[in-house]
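Below are two complexes that have chain A in common, paired first with chain B and then with chain C.
Let's turn to the complex of A and B:
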């Protein structure tokens, strides 16, 4: 049954992605932007314009372009089906390669932020849940409401002012390593991991130092919704019958709390997964403040330079990863609670 | 832009019990929102300087706390040669205070217009999708699924940058991205309302289906969407500011908070904090105000 459930979900997911690819493809071509003139510069001659248009393949009928992009016209070169996202109009290199370089930076940044935010949020959320409506709960509630509604790029700048300019304890917001340090050989693309793999603890520490402020910014922003959610699930769990039963059975308080925590974690994990997928594209502004060359920065560059293949690639990859995360979460749920699969 | 809007409505059983105790928080939220609305109406008129005209004083820091009483007295008696720059000036010589209080007109208009548009379209489509369940509305839901799986910020950036960086395009882009939320909320509510007794009664009275849907089901299904709107307005302000920050929003020198933070961003490394800090405080408080208000509405509704 589970296998059939997975298969159904995968088919739906793939159909959704195909729909998305086609939607994005047409959407960006419907908008009144002229990527050709952006590339050839101001006042090009008619021949130069036509030549650029031909080079980009924009002189062909739009359906031919779509078929080529999807990889259904293999005589014209590889497309999606062949695992290619096309060639960047600006840099001329394959999009897959470029995204492969930028994506790990974002994953490193948000994974670290989620870990820290979660570790901090669980005790704080529990504190609020122990006595709903009490002083601590109100404080926790106001904090989570506040943190969840803040402009993260502004807080990033504030942190730069405080910790770099005033206190001097953080590096300038100019990337993930100091320009004088040679980056470790690229294996995973995540500098901290690569530094460890290359056996360079000093580079590892330096990379962490550069991640300090961007991670702090994201932890602050993420802690709002995560605390709110942990608190809510914890309150619900503490009110449930099995906790009452555990109390009646005379179990020690800490043990009851442990049971309740376990029950509260399952729905929390789902929401964290959704939030994680959201942050893949949502870390743009923090990356921009700290000049981290993640997928967000890449998408800004792609959008502002009208690099259509790059735009399509970014949207496809981010949405694809999000859908995979949702699928994984549903599978975990289906394993824990088999009713879901039926 | 934030992720908190993904979390959905607060579970009523887990929220704080007594209303009286949280009134001061609600008061703060309401005050902030009222001030922002007033500034949107009259901000540009009461600003001491034209928010889009440069002054000869470039990167002038704001007055220190000690100077403020003297400047206040001076501006009342009219003995100053020019009105004081309460928040300093930026690298182009714009008066930051004038721009901060003029910005709500842009920021709030975009947020309100985008939400109004998506609310209107979303509620009507949601009513259709919940009331008539057939192939067409099924397709509508699949389309809104695809739309909702777009990464919000990146999609907004794509739409605005490719359509042209204008206020109208920002409004349309945000409206497009927010509509699926309202469709979904309204559809769910319509589906739970349409099986109730009063709908049956309205039908039994001989009302045509369309009248039942519009006159009876619709007004009773509005609450979730309206509550969502008060939260989404805040996030629309964040999104608008974020777009300006990466250079895909309104064009300079429009007085807009995100744009102001962005133009001040390069100076903050040099210790010139005021061009970014003041507009940031404005956004921070405004969005918090809307969040508080939305939260209060949500609880009042859930509490019955």
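Let's turn to the complex of A and C:
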């Protein structure tokens, strides 16, 4: 039952990805942009232009390009089916490698941020719900209004000013490690994990130190909506008939709270998952402020330089990850709430 | 006064408020009464009068955002409202149990019902999880759930309404409370199960010296099980009387109003909307009606209706009764061709409806109307009453706009609704009022026949009385014929001339109301009437020696038995009943019956007719 459900979802997911790849492939080519002239510069000779065009493969019919990209013409070189996302038109290195370098940075950043935001926001939201209109509840309301109303890069800059420049407790916003430290051998791409794997606790601590401000910024931004959501769902759960009846049955207070929390968690989990998928590409401003070369930065660069294979690769990978996250969420949701059927 | 005579529950000036300050409303305001051991006290009141709020407040609880603002609830001498939370928690569920309305909402949707019942039990008893589960199985078995070992692992959404109701009862009784507060505990249950549960509770109260506070909408429940009746009005008790006195000489205008029909009937007043001319040609005649519903992915069918014959004379009301699932509603829907019958003939006047083309059928609908069970669902909430009433006039008449308007106002007056409400929307009007609007819409085109599909089942006692009055008056004034579908035999007795009893898609007995109600012949009719709670404290079910009941479950309408459909549950069944299909036979006294033993005189009268109502 469960296996079949997962298999079905995966098959549907792959179909969605194929559709997406083809759509993105054509949509990019509708852009009023000329990647060739971008590559050869202004006023090129006709031969140089033609040669660059041939080099990028843009001289061939568009369907041939698509078949090549999908890997249905393996004699011309590897495509998607062979596990290749193509070669970057700007750097000349394989896209898979480039994404493999940038994606872990973002994943590390936002996973850590979400974990901390979750751990902080759920109890705070619950507290607010237990005493709606109380001091804690009002404080949280003002905070979430405040935190959500200003863009994250602004908070990032404020944090840098406060914690690095004024208080000096944070490192400068110059990447994942100080420039003098040699990074641990790359295994997962996430520096904290790699440092632990390489047995270098000092590097691990340093990486965490460098993650401190970007994570704090994201936690600050993310906690607002999560707290609100948890609070709202918790208030609703506490007013539900089955919680009232749990009181009628004389259940201990902690058990009543557990009944309500479980009912409140299911929709909150969904929101958190959706936010996570969104942040994969949306953390770009925080990445910029703290000079982290994550996937957001990478995709912005790819778009600005008309690097079609890179854009396609980023869209494909982020969508794929999002689909997997949604699947996982639906499974978690079904575990929490038996009314959800596979 | 000895300890045993001291009141178990003493409520003084209890008040519950919603909102604060000047805007606060107090649905419960100065509620006072006492409840003794071995006593069952019934609470009745209008819809929205705060009965459920009162029941909860006895637990020291109020549905948020309401709160208890004053008074005392002394249980065995200790004031619940002055206790600390932990002491109160220990009493809730252990000493005082409660069954609330909306059982499915009261069950935690995320936990198996067995776990919930176990948790409730373990909150008051030293027990581990295994003990809790065993207790849950025992309790589920006690409340009559088949296969409790499997049902403990069900979630609330996997249970039917009646099953969820019983699971909630099991939870409320899990610690054997001394006081049970029951808020319409049997509203989702069939009559036979309702009677079984209330019998059981009555017996428990008598044997263990506990007590029960029973919120009820049905006069029958009050009359049959309660020792005292309380009437809740304006948030406090307006009348507090022993049950016989309440039914014999009600004091309050409200009590007199809801008991009026019952007293009329007892005094032999007009029991219906007029007399029917003997030997008149029937207005509606159904012959051999069959309705099957195909099952997806199977060649089998659900046999909802099987070989039903009915005839209704002009100005006559025919009652169609039976348990849920007996096919009553399907007959009504086939009659007005809302669902196409699988077989049989339906004649209206001199025309055969089955052969009519769609346009002719639509024209016939002006004369052939239906009123549904749920008044909320059958009126478009976005339309004004003016538009609702104009719709049938637009379809079936050539009146001008002004004429339609005056006709709409006239209709509202006919059904007793203030014509000044014509520009309101249905929202916020009570169920009784909405049902009147449904009737107004049904009679807009001057029909001669109306199918009434359980029109009173969601109404409060007062609204039922009003609606019965209205239906009778319309019948007298307009000469209407009704097919009155209902499981409420009390209302059927008030309204009908003749009655047909259905079981599993067949009519098992058909005769005059007097014949069927006072001298039922078919074993199923007997059981149905024995289980029904008539609002007459002189004939209390609990005082009867023999409470005839049907055993077992209704067979599935997919795999019907070969012989008599009732054979597996019938107390008078003989081996040959299993194999012998039953025919509807007309007896010398004019009634029809589908039981060969009765028809041939094989089933003697002494096998238990004396105790019938």
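Methods note: the second predicted complex is superposed on the first by the 314 of 342 C-alpha atoms of A that agree within 3 Å, B and C clash if a C-alpha of one lies under 4 Å from a C-alpha of the other, contacts with A are read in each partner's own complex, and residues count from 1 in each chain.
Basically, a contact is a pair of C-beta atoms (placed from the backbone, for glycine too) under 8 Å apart; a residue touches a chain by one contact, two chains touch by 3 or more.
Remember, predicted model here, so these are calculated numbers, not experimental data.
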In the overlay, answer first, second, both or neither for which of chain B and chain C A:262 touches.
second
More residues of chain A are touched by which partner: chain B or chain C?
B
Given the touch rule stated above, what does A:26 touch, chain B (first), chain C (second), both, or neither?
neither
Does chain B (first) or chain C (second) touch A:246, or do both, or does neither?
second
Can you list the residues of chain A that meet both chain B and chain C?
239
Which part of chain A faces chain B closely enough to touch in the complex?
16, 19-20, 23, 27-28, 31-33, 132-133, 137-138, 141-142, 145-146, 148-154, 157-158, 160-161, 164-166, 172-173, 221-222, 224-225, 228-229, 231-232, 235-236, 239, 271, 274-275, 278-282, 284-285, 288-289, 296, 299-300, 303-304, 306, 311, 314-315, 318-319, 322-323
The residues of chain B that touch chain A in their complex are 1-4, 6-7, 10-11, 13-14, 16-18, 21-22, 25, 142, 145-146, 149-155, 157-159, 161-164, 234-235, 238, 241-242, 245-248, 258, 261, 264-265, 268-271, 273, 276-277, 280, 283-284, 287-288, 290-292, 295
What residues of chain C sit close enough to touch chain A in their complex?
56, 59, 61, 63-64, 85, 89-94, 98, 100, 102, 105-111, 119-120, 123-124, 155, 157, 168, 171-172
Could you pull out which chain A residues touch chain C in their complex?
238-242, 244-253, 255, 259, 262-263, 336-339
